[in-house]
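Labels A, B and C are assigned to the chains in the order they are written; within every chain, residues are numbered from 1.
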Amino acid sequence: MNGPLLSVEGLTKRFSRNGETVTAVDDVSFRIQPGETLALAGPSGSGKSTVARLVLRLIEPDAGTIAFEGNDWLALRGAALRAARARLQMVFQDPLAAFNPRATVARVLDDPLRIHAVAPRSKRPRRIAELLERVGLEPSLARRAIHEISGGQRQRVAIARAIATKPSLIVLDEAVSALDVSVRAQIVELLLDLQRKEKIAYLFIAHDLGLVRAVAHRVVLLDRGRIAEQGDARKIIDAPQSAIGKALVAAAPKLHRTGQGAP
Amino acid sequence: MSRMARFFRSPEAIAGALILAALALMALIAPLLFPGDPLAIAGPPLTPPFQDWALPLGTDRLGRDVLAELFHGARTSLVVGLAAAAASLAIGAVVGTLAGFAGGLTDEVLMRVTDAFQTVPGFLLALAFVSVVGPSLGVVVAAIALSAWTGPARVARAEVLSIRERDYVAGARVIGMHPLEIAFREVLPNALPPVLALSSVIVAAAILTEAALSFLGLGDPNRVTWGGMIAEGRAVLRSQPFLSIVPGIALVLTVLGIYLAGEGAVEGTAVRRGLS
Amino acid sequence: MPLVSIRGLTVTYEGGEAAHKGRPLPALTETDLDIAAGERLAVIGESGSGKSTLALAIAGLLPASATIEGKIEWPGLRRGPAHGRDIGFVFQDPAASLDPVLTIGEQVAEVARTHLGLGWKEAYARAADLLGRVRLPDPRRALAAYPHQLSGGQKQRVCIAAAIAAGPKLLIADEATSALDTIVQAEIVTLLRRLTEEDGMTLLFISHDIALAAGLADRIAVFRHGRAVEIGPAAQVIEAPRHAYTRALLDAHIGLDAAPLVARTAGTAR
């Protein structure tokens, strides 16, 4: 496939709140290439979550176009949209809230396999075991309930569910922000490994600029619904030109470590 | 602590559970203890209680064994109460989930229908329904459910409106789940707890409605019911009050038991987190 | 003489996780800690470290069913601490900390009234004063506003105002910035630093973010699995950590100067 994987042009979304109209997303345009990580960064209220929900068709835009894998993404409806969703998946910030409180790991992974007929019923348990191994979990975890496993394990299950249908793009909505620091590094490692091996693109929503700089190829900085800057992640974060970019960089917590530490 | 352990922490729950257990026991052993038709003549009419040990609670105007009628009446009450509650919870949960999840026109239409059923007093609706269709146990159950479903419907809808916004519902949409599957597999089961909390109220109301219908002569004539017994005793209320009082006490205890057990269940499932 | 002296503090929650030999595992074990008057102490840990339990224990906010062993003493105070008056507490979720049906003014003034015995008029004046100190725009108007009209950062400023309304000796901030974005987080940290300096208040800052704490704290205590693994001056803990876990936490922080994990263009291996 030539050309960008995802192409967003002039995306606009307005909400009415208490009689006032708020423009959450204002004329936002960007592209994601296959296998690339594009970060959407900005303070709260900048519209990055709204952009994610628009791309995922959880809400509909007031204006703009979205092309995904060369097709008019916004034109799809009903069964056609549901089928096409196999190629565009999501991982949420809160791994506990992302799942039905009554679900088991097996059911959570079985759902996408069943809905998109990835494997016939008899083959699905095998597939589920393979998915769990792929994200670094023991296959025996399938029997456990979602609330019984740790936060890090839950997020791995969320990633397993997202890759079950072999998507080309995954939206990561602050997917590591709620994890312990020590677990975060492992999950990031897993995501990057998946990207390299399966050529998955990521739309990476984050407010942690350090993480964005380390993990993203390019970044779009949003400020109150509009794009303030976009381009190469390292270049922009090392030398931001926009006011919001400078403010975000200035506000990022810094650790001044000079040496290796005493033995 | 497990839910069962928490349930049995409160004395009300224990009392309620005991009463309900006694009721269930009565219903179950009725055909064993009192084989044969409880409506058959068992002895001389209007025998007072505690006189003849073959007829511990005496007999009614037609000479039927009051104790046998009491035990068999328990079966009817339980069946009606549980069946009516199950039916109204099922209808209400489905209607509420559809309305809350679909929103828009579906929600409007379903809610106006709910309004219509809710504004008619439940007993009058049951009365009218049974009068038209004819008295039998099934009809009585349907009549009660016909008005009782509106409460669960509203509660279910309110829960669904809140659950609809949760991440896991969005997650189900993102993986391509069909909206009906999301509504009934992901949302409804999680919306049930507050709906089920209504069940004890509905069971109690159902039993009372059935008793009232029987009292008015609109119950199933082939079955013994406590309401029917109270009605029968009305004619001799002055001389033989026990004929109405005994089933009346049974009714009171049953409703009390259901209420207490229901409260206990609600307390048991509520998370206890006190601050010092 | 320290403001708070903690010795051998062990806290076990009822029905707690991972019962060991039939008894639940303690959330906090044999903790010794001194908090000096006027210092800013950061308690750092991941989930399950016991950091929040420590904060709740000091503030007397543990559930009634929790078992507490050990001592928490306040050598400076003749009697025990008056909760709400000598200790201010700021929670993680500002939206959940404010009553949605009361105005901002009522909620802040109520603290002043209850603990300082002020009349309503004086309490409101003090509330306006406090809202100005926490840099809320237009404090007079904010008095009549409801929580839902404020942003997350503004709500947290209100919570801080309420927490310091009675002039407490100790201000505890339990993950007070975790629900806020980076810019607002930095503003709140600056606010806390300024307020504690101006009032000579002691600050206990609970967080999972060691980098954030590094910019605010005089001393850092690192907790893991309910025990303190390292306590020391902030500069020393950051530059020359003695415990391997502290070093691991520091290494796991991905700062703006960290080595990138992806190549410049997509599709090429690392």
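Quick notes on this one:
The rule we apply is simple: a contact is a pair of C-beta atoms (placed from the backbone, for glycine too) under 8 Å apart; a residue touches a chain by one contact, two chains touch by 3 or more.
Just so it is clear, the structure is predicted and the values come from calculations on it, not from any experiment.
With every chain reduced to the mean of its CA atoms, the largest distance from subunit C is reached by B.
Just to note, of A-C and A-B, the chains joined by more C-beta pairs in contact are A-C. The distance from the centre of subunit B to the centre of subunit C, with each centre set as the mean of the Cα atoms, comes to 51 Å. In this assembly, the C-alpha centroid of subunit A lies 30 Å from the C-alpha centroid of subunit C. For this pair, subunit A with subunit B, the centres built from the Cα atoms lie 49 Å apart.
Residues 53, 56, 58, 82-83, 85-86, 88-90, 92, 94, 97-102, 111-112, 115-116, 161, 165 of subunit A are the ones touching subunit B in the complex. Subunit A makes touch with subunit C in their complex at residues 33-37, 43-45, 151, 180-182, 184-185, 188, 192, 196, 199, 201, 207-211, 213-217, 232, 234, 237-238, 247-259, 261-262. Put simply, subunit B touches subunit A in their complex at residues 166-168, 170-178, 186, 189-190. Those residues of subunit C lying in contact with subunit A across their complex are 46-47, 151-152, 180-187, 208-212, 214-215, 238-242, 247-250, 252-256, 258-262, 264-267, 269-270.
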